[in-house]
Amino acid sequence: MLVGVKALKEIPRKVTSANLQSLAIALSAIVLLTIPLGAGPYPITVMVDMGFYTIITMGIILLMGFAGQISLGHAAFFGCGAYASGVLTTQYHLSPWLALFLAAIFTGGIATIIGRFMFRLRGLILAGVTLALNLVFFHLVSSLVGLTGGAMGMMNIPPLSLGGFTSQNLLFNYYLVWIIAILLLVFSLNLANSRAGRALRSMNVHAGGSEDAAQVLGIDIMKYKVWAFVLSAVYASIAGSIYAHYTRIIEPGTFFVPLSALVVIMAILGGMASPWGAFLGAGLIIGLRELLRESMPVLVGGVTGSYELIAYGIILVVALLFLPQGLISIVHKAVPKKRAIVNES
Amino acid sequence: MNFSVALQILISGLNLGCIYAALGLGFFVVYSVTRVFNLAQGEFVMLGGMLTASFYTMGIPLIPSILLAVIITALAGAGLYRFIMYPARKSSGVTKVFLTVGFALAIEGIALRVWGWEFRSLPAFFNSPSIQLWEATIFGQTPWVIGVTLLMVIGLFFFFGRTIQGKALRACADEPLGARMMGISIERMALFSFILAAGLGAVVGALITPLTMTSYSVGWPLTIKGVLAAFVGGITRAEGVILGGLVFGMIEAITAGLIPGGYHNAIAPGILILVLLFRRHGLLVTAGRE
Amino acid sequence: MSRKIIIVLMVAICLIGGLVSCKKPEPVASYKIGTAVAQSGKYAGLGLQSLDGMQLIVDEINKTGGINGIPLELVVYDDKSEATEAALGAKKLIEVDKVHALVEGTVTALGMSVVTVANEAKVPTLILSGTALLDDQLGDWVFRPMGSEVDYILHNLNYLSQDLGISKYASLLENSGYGQGGKVFLPQLSPSYNMTIVVEQYFDPGASDLTPQLTNIKNSEAQAIFIWGSSPTASMAVKQAREMGILLPIIATPPQVSPGMVEAFGQYYEMAPSLVALTCKIDIWQQLPEDDPDKAMYREFNQLFTERYDHPPAMWNVLGAQLIMFIEDGLKRAGADPANLEEARGKLRDAFETTKELDLLAAVYTMSPEDHYGGVRNKMVLVTFKDGEMVYLP
Amino acid sequence: MKVNFVRMKSAVMPKQERERDTLHTPLLKVRNVSMAFGVLAVLKRVSFSVPRGNILVMIGPNGAGKTTLLKLISGLLPLQEGEIWFKQQRLSRIAPHRISSLGITQLFQDIQLFSNMSVIENVMVGCHLRAKTGFMRSGLRLPSARADEQSIFEVAMSKLSLVGLEQKALANPSSLSWGQQKLVGLARALATGAELLLLDEPYSGLLTDEVDKLNKLIFELQRQGITILIVEHLTDILMGIANQVIVLDYGEKIAEGTPAEIQQNKQVIDAYLGGGSLESERG
């Protein structure tokens, strides 16, 4: 008996499977950072887009996969970051980096206020509220012509620049997006295996948690729900700001319900048990889109929009039917099960 | 604001409200039996409208056109359940919601393939003329919208409250285990609920086509409005959905008439959020009934 | 078992998706025009119509031996009515398909999303959107050979004030990029005709009941209504106004008099005082006087189009078609070698900039290095409705 | 960045008051508590108090309102009528997590272990109140966060070894037997450092040797000064460990006293046991 206690004086790395995680992070970082060496500008552009989706989806996984709360309106926070950045740089001529930072704080603040009220509700009704929030955001930015340029969109947003590179440079963007994605991944993984992360997971009723049990253990579930919401909004805002400085043109249509739904789909298909799911989910959907864009003209020729839509819908259904736990569940199965280290010693 | 404006807003709100209520009923039927939020409901409405308009332009009279459209759309609803929702019956609620999204996308693509991008329209049912009421106008189609919505509501009430089939349907959601022990096939009831919702959706599609025209892409906006109407009134009860639709329609009509500058679109969902925050189970449903 | 197969397929999709986008480009033997307009999503109507027009002219050119003996190729992607997809599509056309010129964007938001991409890649690009609001943002490589909504505002206001003697009118504008043109330009241009907008109302594309807005107009001092929008709701507004007994003259924008809308709402359009709209000559080309120089051109286009698609052409078919003609003219004058991509793109841009009085179906184009948009004279006509027909209003 | 926007309400007592809270006053006082779900009255004016260090057993058939009472004490249900006092602090309109931070925690009848975490992580969640590391420090993995994590881990391990399950630290709770899950739940509850432990039917579903083990554990906890309130419908096992017994029937307290007194109580035997003896009640 005592042997076991001795053996577990330190937090076993395997509790958090930290070794594997670090290896995976290092590997994917290397892969992501070397891709540009072998790929042309178009695949890199696609990868930059994927990076934005990955970051937002990671936020969704924090909110849905960890805390178990649904949001159908995260495009609004993506847009909030983008428009805040855009307004601050074009109208108030702030530095884009400062704007990115302020936009994240602004979005976080808004999410805090909304979350404080919203999480008095639970379950599917949150989906309704967040959906309505997305509508409010969309119509507001479409109507505030003086501030946002209205439905036409906002133009001439200055690029981010660092050490002589600006985000007019595709590679700069690529590295910027993916380095931030990896940093946020590390942040999310750290969080997952920490006091705060455990608190979030403990109240996730969709994945074996229990709100009652969490509460009697002293966890302020309201506070943690709001925090998960705010963090996920800030992730989306950061992605939005980079997006705005990258495309330099933003329009309200981008930040509407389809995007909100898309990132949730990515989260489901990637797997919500881990922030890695964001990488897998975004990769799957973006890969699928590119595949359709590439193959449909060969298969049916000419005007292919409707075929792409049909195929996309069908593949989505099939994927959701056969991968209800997401791609990450396959990875989890493939990785050898953690053995109790006590038995080893 | 003078009397004619107020009256017109009232009529307009009633018209919109009935449309949203009718949209919401489809969500209600599926939700109350299967606890699935069916985001393909708008596509059923689209299908109903497009099919009715197609048959009507082929020279088939209105009522048979609608019937045909309802039958075909109901088949689509059955397909959605049998080939997608049934295999996924053990999946999580969120996954199910997005399965319906995938289905909706495919339907939209098929509609674009079959009918092209063109908008289609229908005349007001039986060419009903518009009516002048003091200084306000009631469009020819509006009484039909209100009347048919009423009929659907009464029908659903009767069905769920009085018939054995309807009681069995309700039991599936409230007490799935008990229902199974009573010998009720939950699967068959769920299938039926999707067929019913699709059929209702098709009727709504035929109803609103004379007002708004229809095309392959109208499904999503309708879904979003229907979802909000259903939520605001309380998705678990038909009365809640009706009330939600009416409130939503009324808010839209009032803001459209009174708020300058196009902001009215942001106000209706904003008010809905407030309603939900302070009456968390919807307008009608009392606390404790989650 | 089947589950495993699906999983393998999923992973394969990711990999293949990545790989195929790296495929090698084929050797360039033709002039390539790339276009990523909406084939699905809410703007598919505009996108698909313009594609029909484009494809027709491309095939016509190739039948007659191409341009300077070199065939023309049209590469098509779907922008799904989304700005991000439009930019991505443009990027793919430029980088992977190595096109010489781009035609993009059926609506402003989609069109503008490729401006940065096109300017950075230095590819001559034509955007199809019809608003002049953002013309100062086009940059060195983007052209908007579409004319401006100012044209039809001026025409229409002129008609209202000169022909009808109206000084107070109401505007009913769509909440969309298209409606925004009216929101900005109508108040700007009205004073020069001594006209005032007494009430300004808005509607959502997809709204089903505009009676509150129309009641406000009814109760105002407006003597006419300017309805501005591209969705069917904009056309429905006319119907609802007439049913409400609002018998003021109504001025409409071109989308409202497209064939589908006329078919659906024609009976309300012709209720006195019948609707007046400025539109493309294609809609009434048969009624043009024989001495109209454009009539022959339209007859020919109408015949070509009807032979291929079994229905008469509409405005957006013409717009798509004439942009290809615009490119054809540029390519002819540029005389570039398609194999030398960069040089060909540069020469084509220069050729576009030196377009002089190019008289095509619906507009006369003059471009200059400084002005990529202004020198377009749309040959639009006022039409009205009578006996179920659209009638040319000379 | 310090992440803490917990409202400091009246929930935390001033230090002086806490010191005045002597061993003589009961740790928990329940006074005239009533509760109804709609028209259905579940508790009717129930009053009792639990002195510090006692083991109070509350028995009663299913539906007697025992679980409801526990949930009222831990704050999971809002108090409708009556008063609950804990260490001279009135528990009304206080969120469950604040009540937990005052020193009350609960083991549910169905345990509610977090199946998305390993056993040790479950117990570490129980240590939530022992640290303050918020989102930012956790996410950035600052040294202070790591130190916190280490200390949390040590506490969790010690609680786990107290219940004798340190061998299972990395297992998933769903792979454990029901009895082991109960023990993990207990370890998790102990990890909060609560002074009052509410155990909802801890013996249900246990095997005989597990019952003995749990009994020993409960005595050990009492020795450590923890006050325990057990709710149970099995009765005989508990008579050995209880200091004090309360009998609930249809929401009403029908008897209170020492185990011996209760076993002799006529009213209990008549009303609750229907004339049978307590010994025969064993399920």
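A, B, C and D are the chain letters, set down in written order, and residue numbers restart from 1 in every chain.
Throughout what follows, contacts are C-beta pairs under 8 Å (C-beta built on N, C-alpha and C of every residue); 3 or more make two chains touch, one makes a residue touch a chain.
What you are looking at is a predicted structure, and each value in this text was computed from that prediction instead of being measured.
Shared contact partners of chain A and chain C are B. Each chain gets a centre from the mean of its Cα atoms; the one farthest from the centre of chain C is D.
The chain pair B-C and the chain pair A-D differ in C-beta contact count, and the higher one is A-D.
Centre to centre, using the average C-alpha position, chain B and chain C are separated by 34 Å. Here the spacing of chain A and chain D, counted between their Cα centres, is 39 Å.
Centroids of chain C and chain D (each the mean of its C-alpha atoms) stand 71 Å apart. Mean C-alpha positions place chain A and chain B at a centre distance of 32 Å.
In chain D, no position touches at least two other chains. Multi-chain contact residues of chain C (touching two or more other chains) are listed as 40-41, 44, 48, 175.
The set of chain A residues that touch two or more partner chains comprises 139, 142-143, 258, 305-306, 308-309, 315.
Touching pairs of chains, sorted by label, consist of A-B, A-C, A-D, B-C. Across the interface of their complex, chain C is touched by residues 38-43, 45-46, 49, 139, 142-143, 145, 150-153, 155-156, 168, 247-254, 258, 283-284, 286-291, 293-295, 297, 302-306, 308-309, 315, 318-319, 322-323, 327, 330 of chain A.
Residues of chain C touching chain B in their complex: 40-42, 44-45, 48-49, 173, 175, 200, 202-204, 206-213, 215-216, 218-219, 232-233, 236, 240, 243-245, 260-261, 264-265.
Those residues of chain C that touch chain A in the complex are listed here as 2-3, 6-7, 10-11, 13-18, 20-22, 38-41, 44, 47-48, 51, 55, 76-78, 80-84, 87-89, 91-92, 95-96, 108-109, 112-113, 115-116, 120, 131, 133-134, 137, 175-177, 179-180, 183-184.
Chain D makes touch with chain A in their complex at residues 3, 5-6, 74-76, 95-101, 104-106, 108, 112-118, 120-121, 124-129, 131, 133-135, 138-141, 145, 148-150, 152-154, 157, 161, 164, 166-171, 188-189, 191-192. Residues of chain B touching chain A in their complex: 37, 84, 87-88, 90-95, 97-99, 101-110, 112-113, 220, 224, 227-228, 230-232, 235, 261-263, 265-266, 269-270, 272-273, 276-277, 280-281, 290.
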